[in-house]
Amino acid sequence: MSTTTTTTAGGIQVVQPTVGSHLTGYWQRVRGGDIGSLAAILGLVVLFLIFGFARPETFLSALNFSNLFSQGASVIFIAMGLVFVLLLGEIDLSAGYTSGVCGAVMAVLLSNHGWSWYTAIPVALVAGLVIGFMIGFLVSKVGIPSFVVTLAAFLAFQGVLLVLLGGGTNISIRDPFVLALANKNMSVAMSWILAVVAVAGYAATQLIKVRGRVSRGLVHDPMGIVLLRVVGVAILVFAGVAILTQERAINPAINSLKGVPIVVPLIAVAAIIWTFVLSRTTYGRHVYAVGGNTEAARRAGIPTDRIRISVFVICSFMAAIGGIIAASRASSVDPRSGGSNVLLYAVAAAVIGGTSLFGGKGRVIDAVLGGAVIAVIDNGMGLMNFTSGTKFIFTGLVLLAAASVDALSRRRAAATGNR
Amino acid sequence: ACGNDDKDSGTGSNGGTSSVGKVGVILPDTASSQRWGTDDPKYLKAAFDAAGVQADIQNAQGDKAAFQTIADGMISSGVKVLMIVNLDSGTGKAVLDKAKAAGIATIDYDRLTLNGGADYYVSFDNVKVGELQGKGLIDCLTAKKYTKPVVAELNGSPTDNNATLFKQGYDSQLKPKYDSGEYVKGPDQSVPDWDNAQAGTIFEQMLTQNKNIKGVLAANDGLGNAAIQVLKKNKLNGQVPVTGQDATVQGLQNILVGDQCMTVYKAIKQEADAAAALAISLAKGEAPTTATGSVTDPESKKEVKSVLLTPKSITKENVKDVVADGFVTKEQLCTGEYAKLCTEAGIS
Amino acid sequence: MAATPLLELRGVDKSFGPVQVLHDVALNVYPGEVTALVGDNGAGKSTMVKCISGIYSIDAGSVIFDGKEVAIHSPRDASALGIEVVYQDLALCDNLDIVQNMFLGREKKRGVVLDEPTMEQMAGETLKSLSVRTVKSLRQHVSSLSGGQRQTVAIAKAVLWNSRVVILDEPTAALGVAQTAQVLELVRRLADNGLGVVLISHNMNDVFAVADRIAALYLGRMAAQVKTTDVTHSQVVELITAGRSGNIGLPPEKPSDFVDITPGDDR
Amino acid sequence: MSTTTTTTAGGIQVVQPTVGSHLTGYWQRVRGGDIGSLAAILGLVVLFLIFGFARPETFLSALNFSNLFSQGASVIFIAMGLVFVLLLGEIDLSAGYTSGVCGAVMAVLLSNHGWSWYTAIPVALVAGLVIGFMIGFLVSKVGIPSFVVTLAAFLAFQGVLLVLLGGGTNISIRDPFVLALANKNMSVAMSWILAVVAVAGYAATQLIKVRGRVSRGLVHDPMGIVLLRVVGVAILVFAGVAILTQERAINPAINSLKGVPIVVPLIAVAAIIWTFVLSRTTYGRHVYAVGGNTEAARRAGIPTDRIRISVFVICSFMAAIGGIIAASRASSVDPRSGGSNVLLYAVAAAVIGGTSLFGGKGRVIDAVLGGAVIAVIDNGMGLMNFTSGTKFIFTGLVLLAAASVDALSRRRAAATGNR
Amino acid sequence: MAATPLLELRGVDKSFGPVQVLHDVALNVYPGEVTALVGDNGAGKSTMVKCISGIYSIDAGSVIFDGKEVAIHSPRDASALGIEVVYQDLALCDNLDIVQNMFLGREKKRGVVLDEPTMEQMAGETLKSLSVRTVKSLRQHVSSLSGGQRQTVAIAKAVLWNSRVVILDEPTAALGVAQTAQVLELVRRLADNGLGVVLISHNMNDVFAVADRIAALYLGRMAAQVKTTDVTHSQVVELITAGRSGNIGLPPEKPSDFVDITPGDDR
């Protein structure tokens, strides 16, 4: 290995990597199977290739690209919350119906009681918090396995939904603010402004981090690499915005349709906040610790019960957001809201992204990437004109194909002793 | 939904002779349509209460094992009449057979159990429902004067036999148009479990695939609304006619605004009253006189004594009929921005 | 040295279901002294430690800290009192790296944000003081560490804090020659700084090298607590293996008590 | 503790317990939270009390008691297979639809192709084996997480079901043998004969076991305890048979109805075989080992991959049996077969019985007891005359109540250091 | 003793991702001899053992058993050759009891049925021979055992079989005085019966008490393989801590190779 400057971390001797050695190291890690998000990204690329070849004009259109976001948004929000629960090795089977119940709470307040969005949405979110607390309490303090608690909740919430909806009616939502959430776009100007702010923010945090380490004389990523990352992110973000700010209306004459969908910054903000919480705060550290080894965490004085409750609270809260987005997209709530495949898709999103069902391993970005995989499959399948039977079968196969990219790379990891 | 069903009437096992028996009703689910959760239990209960007949009305929540378990429970609690809306003909038949073996009179409500051999059948004509939808769409497309419009079909659940019958009905109207080249057949997909959220994605993809869709045959109001939301997003609502079924508040409102072309109103109260009347006379040990019609079971080829009601096509012009019928109240329908439209449509 | 013990156990009993592991155990830990806790495999040493640190609840008896009776229900309570423990079953989070493990439960922060550079620096210094030289990176997950490296991390974790009592359960079991010497030196240094130190070890050389007092546990009973200077190497071994040596140790009567036995379960 | 005879196990000194000390020991273990099946049994008792009070004449009738078995049978079979998968810390989300597919294979062969039951049933079972092998292979050899593989299968099998059933029709079954499986009873005489054989068999195995240990001079359960157990089992079995051989027809004139339902011996045989496999064979031992610590098992030379494949094969095979029983009960197969709550109920049955989702802990009897809990809840709820919404809510609450009996006792276990 | 080694490693390399842990390692294990493998914490001893037993695959080099080059891909392969290992990270199944763990993978059967009485009896005898006295029941889950008891079970598990090479990775680390003596005696006995024994230990007294040869690993390189009689206690310590002692050991040149370092990863 080529080494140049040698710095000391405290007292342990380590080597300050150069751009070259950093890249070599990364490549060796990848070859060793430690590929992080790369698998999900590769899976996405594979899917884009499959559907891009099968339906080039439609699948790869700007319209379809923008649809992807609102189609996937609800599941992604729910999956983000589930990541926390999964990090503790728990499960929340009721997350889907929690989203339905919270969506219904909002819809009932808006449509039947004439509340406005700025009161109805907070109440729906609080409903999520309360639900999460109850589940967390039963799991953590009473000690019932989360599978059973949330299965019970899964059943009970279907009932609550029916009761809320007066036995099964379909409640329409007309509040323009709520409807805009999942269905409208930002203006082109706003889109670009936000993109620039995001990239600048990213660059700043990267620089500050390196600065902090340099000033302590700790090993840090070489400046070249930091630059590379920032440029990479900038290209991705700007390319995305460029596509989404093109005119994509079916009838541009009647109706111009351009700009980044509003859900995109919503997802981005949620992902950034939760990533920050998980990776930069004590709380996040403790979540990983409890998930990795509850006993060790307890011995380190971490209030494991409170952490356990909190992840269910976060999960149900995010489910509430997911429910609001779903209600916005459907502009209505019905007794099926949050049912059928919503939960399985959300868990699958997290798992495909790389979150472990056994706890201790996972990131919020997994939910986003995995959710994207799920959304792309659903979206692409929708363009294929299969019969119901064939469609189910192909969806299963494509899901398997996307997941095996990840599995095959991780098998390498097992072979080389990494985990 | 029901009152206490205790002590007073004869307990099942000795049942059968003189006293008024109990009636068991099993509804299928609460998701395929709101009617099973709200309308049917309400009307049925009212009818039974009025006649002073005890009724146990339950819903199987779409779970066929639960459907059978409920039937077992009703049989063992000694009902004299069993009325079912099957989830599928197979379990329906299993339940009917068990009931008949226990000497219980049986009624198929709304959905005919194929080869089930129920004593009576009360329903709307489901193929007819589809036909009305097909005709309705054709009318709206004609009014829009589209030439060679592309028609998309958003079918009901692939696992619901009624959905198959609806499709049979509307395809019988549309197919000649496709064949003659008057219309162009667009995407044609089923929506698993009638799930509205999935319907939204499915229709969005239909539209992405074929931007020229000019008409949508949606099998019920929930699916129709899902399609309308997508059209709205693309500012195409109102220009692309969408059909529906069930005359839900949402559907009727969509019609008032002009986003939905039509819906099919099935006068559920009439259906419930007819079925309850049958059940009541059976429970009293009388021979019913109302089942004058008959339907041929396509599988067993046997005749089933029936009451068949006619579904009604609803457009902007006759939305008021639904309100007049008491199926939907003015308070429910004419909220907020719809008040004005209600007045325009002559609803008072 | 000091007359009043910093930490005192009196009459502690502990059973797991039908199996009684600790019988009426007493222990005194004095500030400024190293108390060696010795005993055969399965004598109950680790169980006793876990009773002190609140991992197990005790069935009877009392724990006295600084002259006051205390109730320790969880490791949080113990560390609030200033009791730090290095457990025999190390209990590290395999999914976290060395620095993260060392600061677990006491992360350094700047505002709400974790102060990673400071923690990394402190961790590096502590490890170096324990003669660790083969760690490749402080950001390595502990799952990839060697047995001795893991043990060093656990030790480093416990001594990073300002505590009043430090309990080390066989801390040098997996350590190399140099590292063992460092840890023993550290143990001595902690005591010299006025802390009460409990050292559990099977190595008599180590015990005699650093301990001021020796407490010998025999089949769940405290056989004897003596000053190191009052006993010989072989006397201690006798206490460990037989529960008594000459006139110190448990009374020889009631042999049935010594054979601690329960029904075999042949499911 | 009172001790009398002292025997040696090899060389380690242990004490031969008396009846008294055995009972004390058991009681101490129970107090310490090590209660085994007791929790599920207590849960059942609680449920019987609730429903027995609410609906005394119907819930506690012989007819309803016999209905319970055929109502619960399908889920119990599927749950038995799932126990194996759960023992390895894996999950099979597709077990429900596997049962549907296998049931459909049988129905199609019987009704559309005119096969007879003795060819159609084996083919359906083989379909189960093949499905299980495919899933196991993907999990074990390719390394895709079982959650993802079986989610893909869950989707694909819905499609397969639709294709098999020709797009959504349902297929009636008329074969009398198949219909008898879930719907008919044994004759009264046969019922008693089987009961006597079962009790005698149990007594014999218990005696042989004690004999074997006595002859080696190993500790063994005292004879008094063995006798007590045998008498207890005999009372339970004979009481059950006595109830089930009463006349329970609503109109005995039309149709006499008595005898033990055929599913009862089927469940019993399956439970006995799989219990034997798990507790008395090398294979079973290895399943526990791989579930407890895969790495330790691998180091002990156990072919962990093959074990992993095998549990999926067993699971799908049992699902196939469950599917056949469900088809028999419904006397038909439709595209929904094996869907809705079947899977969740089966997993819940295993978990409520005491099987861990994390692997290494569980028994086949868990599936039976937990399945009974689920069946009783469903059955009792069906007698309660609730509206849909209320029913969902109450089902959830009752499930929670039954599960918390277990949880509260296990909390004691945690407090006393047992796991 | 015997001229040809029973087990031989030649030029073995092993990396974990970017970290190379073993460099060109050679080792000879002779039948009838105890070979002590020593080295600092993190030197690579356990990694080497896992390479031999097929837990890790080697990147380069060869393993020669009984004169023939063999490919060991899994612990199954190793035990098929007659290689038994007691691992430092014990790897017991916590959900199984003592007897079940000891016979794991080699259960005794009568027909298809497990022969529990025989296994229980054999397990009891073996444990007794290892001075285990505090185990309450052979049907206790190993999760409830003390550290030393767990280690004894692992050792007993490995020596129950007729094997040709036994490798013990720090087997006495958690053991009490009496148990350690028993294990060392066992190690000697195994060698005297003609087996090849590899003993990893940080305890020089133990090493000099039983070993015929000493192999010293330094930062992943084999520093020296010598006869015990040819070296002194302090020479071995020097080999461990510095890689060379006088004229034996690694050449002093190429210091950069010795500082084995990799980029810190600050994710």
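A, B, C, D and E label the chains in the order they appear, each numbered from 1.
Rule of thumb we're sticking to: contacts are C-beta pairs under 8 Å (C-beta built on N, C-alpha and C of every residue); 3 or more make two chains touch, one makes a residue touch a chain.
Note that the structure is a prediction, hence the values are computed from the model and not measured.
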Smallest number of contact steps required from chain C to reach chain D: 1
Chain labels contacting chain B and also chain D: A
Winner on C-beta contact pairs when A-C is weighed against A-B: A-B
Relative to chain E, chain with the most remote C-alpha centre: B
Distance-maximising chain from chain C - centres being C-alpha averages: B
Angle, in degrees to the nearest 5, of the Cα rotation that carries chain A onto chain D: 180
Approximate Å spacing (C-alpha centroids) for the pair chain A, chain D: 37
Interchain centroid distance [CA atoms averaged], chain C/chain E, Å: 27
Intercentroid distance (Cα basis), chain E paired with chain B, Å: 74
Computed distance of Cα centres, chain E from chain D, in Å: 44
Interface hub residues of chain B, defined as touching at least two other chains: 30, 37, 41, 61, 158, 192
Numbers and ranges of chain E residues touching at least 2 other chains: 16, 120, 132-133, 135, 137-138, 144, 261-264, 266
Residues of chain A engaged with two or more neighbouring chains: 9, 13-14, 158, 162, 167-168, 213, 218, 387-389, 391, 418
Listing of all chain pairs that touch each other, if any do: A-B, A-C, A-D, A-E, B-D, C-D, C-E, D-E
Chain C partner contacts - residues on chain E that touch it in the complex: 16, 19, 39-43, 45-47, 88-89, 116, 120, 132-139, 144-149, 152, 170, 173-180, 202-204, 219, 237, 240-241, 260-267
Contact footprint of chain D on chain B as seen in their complex: 1-2, 4-5, 11-13, 15-16, 30, 37, 41, 56, 58-59, 61-66, 68-70, 72-78, 87-91, 93-94, 97, 101-104, 115, 158-161, 163-164, 192
In the complex with chain C, residue positions of chain A that touch it: 8-14, 212-213, 215-216, 218, 280-282, 285-286, 288-289, 291-293, 295-303, 360-361, 418-419
Residues of chain A defined as touching chain B within the complex: 55, 58, 61, 63-64, 67, 71, 74, 111, 158, 162, 165-172, 174, 183, 249-251, 254-255, 257, 326, 329-332, 334-337, 339-342, 378-379, 381-383, 385, 387-389, 391
Partner chain A, residues of chain E touching it in the complex: 15-18, 56-57, 256, 259, 261-264, 266
